[in-house]
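Both of the next two complexes hold chain A, though its partner changes from chain B to chain C.
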Partner chain A sequence: MTAVIARINKYTIKPQKNMGNQKLFKGSLQTIILKLLAQNDKMYGYEITQKVKELTKGELKITEGALYPALHKLEADGLLDVEVAKVGNRLRKYYKLTEHGTKETANKLAEMQEFLKTMQHLVNPKFSLE
Partner chain B sequence: MELTKNQIQEIENYIEVNNVDYLDLKIELLDHIVSDIEYKMNKGFSFESALQLTKQKWSKHFRSSSSIFLGLQFSTSKVVLKKAVKEFRSFYVLYIISCILPFVIFRNVLVDFTENTISYVNSFLKISTFLALLYFVYIIFKVSFSKEKTTYSFILKTQYLGISLLFVSQFFTSYFDNLGKINIAFICFSCAGFATTYTCHHFYKKHLLEIAKNKKRLCL
Partner chain C sequence: MEKKHEITAKQLAFLDRFLKNHNFGSEDDKIELKDHIISDFEINGNGNLSQYLSEELSFIKKFIGNKLRAIHKSYRRKTIDEALSFFTSIKKLPITVAVFLIIYFLTMNLNGTILIVSFFISVLSFFIYSQFFLNIKKKDRKKLDRIEYLGQEMWLPYLMIMFPLGFLEDIVINKYFFTVYWFVAIAYSVAAIIVMKKEKAIIYEKYKHLLS
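And then the complex of A and B:
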């Protein structure tokens, strides 16, 4: 029984140290989705969450409640295209970049690089007053 | 490991019971939950315990919630509400602009309009508001009797009160005062009515598109 509870906790409780990361991560969700889709031809929702978890070694997790509104917004903005396919006993929605989406990914990544550079300047000890 | 049809049906029932069986979300939610359960089963969990864990994870997303953007009296599952607010947010700005813009434009207009102009403008606005009112009633009628549920039909339901703007506009005898000056309050009122009608038209089209997409999917 204890073993079962331990296994359940392992899958349900997020460590508190991740809370700050998750907040920083929230504003970059669309860029992360676009980048992943630029690297992979097409992806589905669950695959995106697993890929992020795998790439960040579990440090960052995309919550399901945030993922789908973001995907639908990108689709409505014409950045993503949708393809529905039958997988096993169910349907699966695949997302892929449109031509406009590919261009926008490059812009968003450049913006992100610029932002990271600015942050680096701010937090770099060389620029500190100490 | 792949879930059987019966196991998938059990998950579909869970989605329906939690009132998230919206056409534009259901396929993805179902696939996500099934994929998650299959992943856990591959790690050695039984179907029942994997389902229990997944339900635990999704319960916070399925909890009923409301937003100030759509009106606190309208509640639905958090996952649906998040999408609805994201889709609706820009239209909130449209409402504000439609109320403020006529005021900004006409506040400093001191021109006395001729009787002919007044008559034309009054007729144009009266006919427009009446046609908008008819179209609004049509949308309400079609969505209310539609069996299909989408996030867009939820947004539409939150906007129905806007019809009162067009209804009240029908009682305006003139959009000008006795001195021939524009009655800005009446213009703002009707503009807000047009903005609501445009919003409803936008989401009604999206609702129909989602139904059409779903019909296509069913052929797969």
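And then the complex of A and C:
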């Protein structure tokens, strides 16, 4: 996961510094969420924002305004399942991958790798990601 | 994620009242919103919950709107996919062709008034079935807003009945056009009902902690 985000980060995005690059980031958001959930079994919304911040050392920030619509879309599409648990003084909604979501994660990651490779060839033909 | 401070019972009660008074979504929305607000407030807030909420108001409002849009879009896409599967699935294709031929036969052989009445009864019966027999209890609707959108894909067949009310006789003149028109209304109704049934079962399983 760190590798994927680091690549995205290195070659394309620093959304906090460049508004134009936010569009590039937005297109990768679902893949990032799916990959994180594949690695962490179940996560809640706020945890995802903090995890991405931590993995990218604060370079990439998922805003709640972008995260929740993406989570709700993935859930509505049947890629995520929800689980509610009592944590301290409140209830918490956890997201986890469904069987279909697990398969889709592999597809989306493969697409992402392919896209990054193509972009690398276009932007900087002398170097390769591999 | 180090907490700067812990939310107090008084602040928690204030937050509950705030979300209730502003009518921010269903119980399902409130679980997620409340958890997000508390988590962020405990890590990034300055201890003043009222100030924090006023700064986050725009996010809270968008949270509900964006969620409903995502749900609505998802139901629409599933209904269209289901309708398309009537033509692409080998299992369903014979039934699709049979239904089309029945509609074609009726359109070609019935006279104007009987044809219009048949059209109305057939499409309206699907609509009534979806709205009354697949209906979900009112108290469950309040708990989970995605239920509210379940039956909304019946808007197209409903519109197809209501739209030509003033000039139905003109539409019936072109028999080929009317055959397709009737067929689309029936196909979309059936697709929407299939999606409603599937989604209702999924929702009741997934959200059993919230629903009766």
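As a working rule, the second predicted complex is superposed on the first by the 102 of 130 C-alpha atoms of A that agree within 3 Å, B and C clash if a C-alpha of one lies under 4 Å from a C-alpha of the other, contacts with A are read in each partner's own complex, and residues count from 1 in each chain.
The working rule: a contact is a pair of C-beta atoms (placed from the backbone, for glycine too) under 8 Å apart; a residue touches a chain by one contact, two chains touch by 3 or more.
Just so you know, these numbers come straight off a predicted model, no measurement behind them.
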Which of chain B and chain C A:Asn107 touches, first, second, both or neither: neither
Which superposed partner A:Lys73 touches (first chain B, second chain C, both, neither): both
When both partners are placed on the shared chain, which of chain B and chain C touches more of chain A: B
Which superposed partner A:Asp81 touches (first chain B, second chain C, both, neither): second
Touching both chain B and chain C, residues of chain A: 44-47, 50, 64-65, 68-69, 72-73, 76, 84, 87, 89-93
Of chain B, residues touching chain A in the complex: 2-5, 8, 24-25, 27-32, 34-36, 39-40, 45, 49, 53, 56-58, 60-61, 78-79, 82-83, 86-87, 216-217, 220
Chain B contact footprint on chain A (complex, rising order): 4, 7-8, 11-12, 44-47, 50, 63-66, 68-69, 72-73, 76, 84-93
Residues of chain C defined as touching chain A within the complex: 1, 7, 9, 12, 28, 31-32, 34-36, 38-40, 59, 62-63, 66-67, 69-71, 73-75, 146, 202, 206-207, 209-210
Residue ranges of chain A touching chain C (in the complex, touch as defined): 44-47, 50, 64-65, 68-69, 72-73, 76-78, 81-82, 84, 87, 89-93
